[in-house]
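Below are structures written as structure tokens.
One chain, chain A, appears in both complexes that follow, with chain B as partner in the first and chain C in the second.
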Partner chain A sequence: MNNWRVDGKGRINRDKRVRFTFDGVSYQGYEGDTVASALLANGVHLMGRSFKYHRPRGPVTAGSEEPNALIGTSRSGTGRFEPNTRATVQELYEGLTTVSQNKWPSLKFDVGAVNDKLHKLFAAGFYYKTFMWPKSFWDKVYEPVIRASAGLGVSPTEPDADTYASRYLHTELLIVGAGPAGLAAALTAARNGTEVVLVDENRELGGSLLSEAPSAIDGNNTESWLAEVITELEARDNVRVMTRATAIGYYHENMVGVAEKLTDHMAHPPANAPRERMWRIRAQEVILAQGALERPLVFDGNDRPGVMMAGATQTYLNRYGVKVGNAAVVVTSHDSAWYAAFDLADAGVKIPAIVDVRATVNEYLQSEAQKRGITAKVGHSVTSVSGTKRVSGVKIGRISGDQQVADISSIPCDAVLMSGGWTPSLHLFSHTKGSLHWDEENEVFLPGERTERCHIAGGGRGLWSQQAAFDDGVHAAQQALTSLGQSAQALSVDVDGDRAGSGVVMEELPSNNDKLARRAFVDFQNDVTAKDIRLAVREGMLSIEHVKRFTTNGMATDQGKMSNMNGLKIAADELGRPTPKVGLTTFRPPYTPTTFGTFAGYHKDELFEVTRKTNIDSWAEENGAVFEPVSLWRRAWYYPKAGEDMHAAVARECRETRASVGMFDASTLGKIEVVGPDAAEFMNRMYTNPWTKLAAGRCRYGLLLGEDGFIRDDGVIGRISEDRFHVTTTTGGAARVLTMMEHFLQTEWPDLDVWLTSTTEQWSTIALNGPNARKVLEPFVKGADLSAEAFPHMALRECSVGSFEARLFRVSFTGELGFEVNVPSEHGRALWEILYQEGKKYDMCVYGTETMHVLRAEKGFIIVGQDTDGTVTPADAGLTWAIGKKKPDFVGKRSLTRPDMLLPNRKQLVGLLTEDPSVVLEEGAQIVETGDTAIPAKMLGHVTSSYWSEALGRSIAMALIEGGFERNSTSIDVPMPGQTHRATISGTVFYDPDGDRIKM
Partner chain B sequence: MAFNSTVETLPQMGRFSLRCKRENTVAMSKALGFELPSSISETAQSGNRSVLKLGPDEWMLTCLMEERSAIERSFAAIYPDAVHSLTDISSREVSIRISGPEAEELLTTSCPRDLAVLKSGRGVRTIFDSVQVILTREDNNQFRLDVWRSFVPHVMGLLTVAVAEFECGL
Partner chain C sequence: MLLIHCPYCKEKLPELEFEYAGQAHIARPDNPAEQTDAEWRDYLFIRSNVRGDHAEQWRHSHGCGRYFNALRNTVSDKFIATYEIGQACPTSHAEGEENNEQLES
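Let's turn to the complex of A and B:
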């Protein structure tokens, strides 16, 4: 096959044939082909169906801006299917499998194409208007149907089997784009010794030189010149060249994200090779040399397969050795398409006519056309295209007035080359929020004020010729080097046979056809026509931002690379306002669609997110613990024995702990060492409690408020010595509390001689609770007397436990006799196992966080963040006893006396006992006066903690209820799915209210 | 592509966080036995003891485990005249050493800093992926990451994946 290859043309490797399939049919291409170029070489233009109207579509471009030729690709192995791959970008390799999209049952016969017949119905705004009524239809009918038909391609169903990489890179100069401007800039900087990174999204460097080679550069032919330059750049130590690397986003402080494709072009990637790598490049200076993108012309049938950008057909010819047809009509408003026509004609493609909408075209082009026997139809327009799955001809006519043509004739052809001029590619510049200014003469937006240290060179500045681009690249490099404090030798690159040119920007091409019947597409990917844009304006959309959202113009994955300017021009025309007054929509990263994998990088599977584990975690895992995440930690939740579900395991752990003794890994508690002569004063200012009189060797419950007076954190705090406190925080609050303390210390009280050190991970903490706790611990303690008299509740000792240096606290979060042993964290598991062995004598259990929660709830101990939600004061939580009344100040003190903090009907923390003791309320359940109140019922509050209490043989709960203290002993209703439960308000201490059990 | 670098966790060492105000740094140097570095990121060492200045009033002191009590005693002796905070964090952190010709580039997989400007003998508190670390360039091709214990598996996991990536040559 390959009947559309042109001998002697292209940069493909003709010695290396490559087989691939498209929709199950096997085709052959060459190494260096893209899927699109190989299919075109086989005469296949039809590559997909459009999004809304299911119109047959073929490639319209040869690059990453492609809106039409989106295909599904499957690489070897499962989990490697990708939808919406651009056929114009995907490189060919042996065995590549590709499929078309958005068609059923087949690409050539697609039922969804009925939408196209109904296009008058599916005008812009159709969805907004049609699916409003009846309202009840939205959930059940409209939304499911719209969702099912929305989206292009099929989402992958398997987890992504590939790995992705990331890298940070710092450089003096980053150059984006390796066309003439980028290459000239790179050469200038490289020869100066500047550190340069040059990135280009293509497989090869060269940019437009690959598509349109001038006759000579510096007296050399383009191919050799390019080869020499590439060799030079790659050989230099100060230059890093990256191909297949797309600069996708330009972020603050000259950070540019570059997505590099590593293996998508390989039949057999090396083992362990990542598929893509995200480079985060921090450059001191950036040169954006991204060139310009060719604009389509807007005419009836401009989306038919075979209608392509003129520049793209030149790329297919000169880079891939493919002619896009045998007879190609050219329609243009820019000189560049004339050159494309000449290139194709010289390669043997018949050019029946060049239709130029301009009234005059320069003599040189006309004579060159004449030389080749091409008919030039200046001042003419294309009014329609015939052919459905492939263009078969065009109708053209002489422009005789505003939107009027005369002398219409038909020309048969199998390709149409169009060019509406070139739009400078300023996407990355737009990411920097650099301003754009409107160039009235050339009708383009050009870069204006810069906000970052970047320079735009070449086509991006609206320069249209390779010589100008080379010169501008040198200029940009000199500017960048000056900014870097370096000076550069000016470099000159001389181009022979440069093809300068100019053009005009058009709205829809003049035509006599019925305006409503015309299918003149502006946005190919979202199927937006010129008619839709005009309709949007007539519907009252005055700004381009509104027009965009009403029509979806420019909202597809190509972000309007081809459609924005045409859409703007037509909207401005309909509004009768100057183009720049209608505005331009903002480009946002990424420049081209980028895989989620590339953004995620290494963060998958076990590296998805940090999972912190304690030293004892491995024991828990070996002993069958079920885990739960608590902030970044994973904690043992409960330890089920054979046959136990969670309820049974937790009930047993609770029972055994209260009956004898239980052991718990409390290592995740935050710990902060507060040291210095002003330590007690600092603690007085931070916490609500008084600390001055706390003796060394004693501890106290501490309550931390925000400046707003609401509870932020709590924990037991021990005084190790006069000048040293061992502060504990909640597991999740550790970092927050340290930050808050540092903030006050550094900004409010820098005069204090006190310093804070995080010691969370210095210690492993083992809690022993239960009547037999002392018996388990005592044999291993040296240097401390554990008797009740010598070591009372809320005391601490520095001693040795199991031969490890230890800080031993007598504290209880269960209401039982309790100890917390802190040993250097690496010894946690060793001590745990020693105590576990000893505990066997007392039928000791190990328990997890769920039992800890139940036991503390039975005693009414709060958990900050569960029973409080950032709106709870100490009084609301019944913790006024923890406030040092005589202290002059502490964080949050003044807020506590604000009038609304003293209102009696604030939400207060109370206990709840359900009428049916077997009912465990749902945490988060709302509370109402009575369940049969008309909706909307007044919500009195919500359940914060709720458990089955094994000790009490019934359920217990805590709740925040409006005026809860006043309501003590009254009943409220808790509506839950299926049933409303009545409950009585009580105090929060359900078990051992006199606290006898800790006094052992 | 040959890959000739190694990633290893180091045996435990004694570590203290030392904090004090500027006027007392001379006394601290005396207690330590050599002069504390005066500019941030600078290290100083003598025998088995080394000090890295991490902030305006913060130093990290490393030593042999068995030297810890001697250090604590000498600092306790000067406390009445030169107040400070000396807190044992020997168990808080684990050190990972990355050495070899690819060490610097290996770190760029997750470390956003420009490592070319981190000279030998200097250290910084920075991040590796999302994890706070102290990164010291011990030698031109040798780096040390001091990582809080529970974050070590994450950091080592990332480095292991990175090593496999370097070994595959892409």
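Let's turn to the complex of A and C:
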């Protein structure tokens, strides 16, 4: 166990052993390990299979940029499985269960690996081209195979059992990254008294200092220096330090999203602790000190387990006390890998050779190698790798010309350390649309013009040494503080044993092998090879954005952190154009994969959306109502009695209402109070109807159009007094209508003296409908005579009902004698219960929205949004009677005479009666000419409303049909699965066409 | 998240409090009945699609509730100015052909 641990190295807690499992096998690591470091300490490199070719893969990095070592993790209890967790980030805890991915039946023997043998078939653009092959080939041969093996990991099947939090934070200075640059910036600002937030994605602060400690900082050893700095920062009131906190996105006006992991490292998280917390941090100044990411080299077999980034092997050694192998060949184009080799050699790892592709390497490095007995192969290249589940050796050769090598020899090894140099980590800077400038000398993109108040420090500016990063961090802090109007004392940090270095950027490493035959990977996670990129260019992809989409290079969950620059370099080479001319793809948030839970935060389950409830809702719930959502409202749908299904309950509610009386909670109706000397003029301009002559104490159906002439909303509008209207709107349209009114009032007619107030929630509204409605209501009304003569249809009174001040409307949405009582909303339930008691004398029923829908449809009353769809004019809906003919103007009037609005074959709202009266058509069903069985048939329109009418003893429906008015009394067909129904077009008023019942 | 200055509240507040309300400085014709079909079509539907500075209306919906005008750059998403309804656009070529030409170049 742990044969690959190195004594005296690493920051793990060797007193605290931790047991965990990987693919059912139990392993042991230490507190402070990641899953990757603990498995490597156990000699396990093979951690997964690749996405497309199912090639064996091991970790290539030691950080959040890891493309290969993706595992499934689960903690105790259901709903806590997570796929695609990066083993290099997941901290170890006792009892952690992990599994490998993309393998069947097992990681070591995987059937899908046959894809790797067929790699020529799966080259870039395979999916696009295969679609052009014979269809049968696709359905029967390729699609099933691809489906079976496609995908990254397995989606969880249980709902997420965890909770997530979110917070806002405001600060003067936010520093992202706590390596040398970030720490120097934090210290500088902290000591000046500036309000500082310092975030880092790692468990502990330090960044590269944890992986590669200089011999001394300020004369102290690195570990002690770091401990002192952390103690100082954490002790300061003006500094907030957040670890395990990843800055995932940089948004407008210096808002940075930070995803903080709270419990993923704990065996026993505190009860009710959120798993993650999303911080939205608004900072006056931001310093991005995110360092740089090491680039792989592109050579045949560079993805074999055991081939790793040189810097990562240093991290495993110095931070986790793990050696990645016993004999490691180094292949590099950058000085930094030489230092990695020295660190590993000093820890007892055999380094058979350092293969450097550059023609010359500085004397100092060569002499340091010599001191350690390491053979330096300068001007050499690695041409292939042997071993599949673990590297067993490399072939190297002297570079003798362009893509030519000579003197090829084999070197056995169990690890390969590669370095293609370093790419400044500018993802967050790119989110701000900050420009990137190409540095010709060092062949890197560096930050250019800024769009936000941010500063880049350290590796992000192409500074490769720790001393330079410290100095740059101080400098960035001074700039930020100056921008804040503060002055900062400069701080100096002196590094002993600093390791500066330089390098070159390569395409594929020189090799005699055919470029198109090599398995030289650029994007490990999406299995994109150098060949794929060259092929894409040859197929005509000229822009890097096209190459990206054709090959999927950089499109995996790591967003090409390791692959973008190599892909660009190879594409540029194939195109024969300079790298900066080929361009760089855009980085987008999030910086690293982020759980949906973190984005959702508190917005789940009952907090996902507001549920609006009326004052009467509790009564409905206590009395067995079934509810339905109507916009944000929860409304009583129907009130089933024992043994009733929905159909039976609705039929009874309809029957009882028409026979005697029914009561309905209409409180959700939108209500707007329109008040002021110009109220009537405002109403004239907004609504189609005339309002000037409407007397106080009367009401009228109002129709609202958009300026385009289409129906937007409707409702009964009462004139309370000369200067006061009580406007009702549809339940879902209330906010929209008020917004539209405000828009016109404020921007077009600011001269009108009118005030608009939403009063939807100020009133509870109870509707009583049916021949006995008056009898139920009358005993409780004071201050109004309810007789038919004194209080006719469409009258309103301010009075008292059940001792509550009330606005009483005589209106009907059912065709029966009807009243709507508005009382202050808090009295809704009290009045409801009073009326309910009284109603028992008359066998009154209470009914829900379904019965309301049926009763109104029997009378042909439309529901805006159901019988209209934003393309229906008043004429189409048969509502021309609602238009004030003498009015010179209202919103939408001019549009009613546009040529297309006058066409005879517009879709018009008509009634439908099925030949078989028992058939209730489906709402939304399409309508065709009778006997039209052509495929596709010409659609004439669709069914908008359809119900069983208890009053008529048959089904009824409404529909929008082309030229529907002209087609009256003719037949159409409604094709439905299994059967076509024939129906006759009729008028829309099915019940009591003369309207006698309303006059009672 | 953008910060938007409400010219009525005289305060820079988070985007969440505001909603977009279409292109600014399109006045409703005084007498729609006299508009030709083409003129009315233009008023209803024809809008600029500026790559650059765009004059537009916003509403401080979850604040004072008032509509105001704003000049915003559609490339950088930066607000250049916000100003009261009825005030003139602060630059003379805030919209229209000059900026549309940029798109084609």
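Structure notes:
Convention: the second predicted complex is superposed on the first by the 979 of 1000 C-alpha atoms of A that agree within 3 Å, B and C clash if a C-alpha of one lies under 4 Å from a C-alpha of the other, contacts with A are read in each partner's own complex, and residues count from 1 in each chain.
Keep in mind that, in the parts below, a contact is a pair of C-beta atoms (placed from the backbone, for glycine too) under 8 Å apart; a residue touches a chain by one contact, two chains touch by 3 or more.
A quick note: this is a predicted structure, and the numbers were derived from the prediction, not measured.
Contacts of A:270 after superposition: chain B is touched, whereas chain C is not reached. Counted by residues of chain A touched, the larger count belongs to B, out of chain B and chain C. Touch criterion met: A:755 reaches chain B, while chain C stays clear of it. Legend: residue contacts after superposition of the two complexes on their common chain; A:163 is shown touching chain B, with no touch to chain C. Of the two partner chains placed by superposition, chain B and chain C are both touched by A:280. Of the two partner chains placed by superposition, A:347 touches none, neither chain B nor chain C. Using the contact criterion defined above for the overlaid structures, shared-chain residue A:899 touches chain C, although it does not reach chain B.
Once the two complexes are overlaid on the shared chain, A:611 sits against chain B while remaining clear of chain C. Overlap of the chain B and chain C contact sets on chain A: residues 280. The touching residues of chain C, counted against chain A in their complex, run 1-3, 15, 21, 27-28, 31-33, 35, 37, 40-41, 44, 57, 59, 61, 65-67, 76-78, 85-86. Those residues of chain A lying in contact with chain B across their complex are 163, 165-170, 262-263, 269-274, 280, 282, 602, 606-607, 610-615, 633, 673, 675-677, 723, 753-755, 757-763, 824-826.
Residue ranges on chain A touching chain C, taken from their complex, read 251-253, 255, 280, 433, 451, 707-708, 739, 742-743, 746-748, 750, 888-889, 893-895, 898-899. The residues of chain B lying in touch with chain A in their complex are 12, 17, 19-21, 57, 79, 83-93, 108-114, 116, 129-131, 148-151, 153-154, 157-158, 161-162, 164-165, 167-170.
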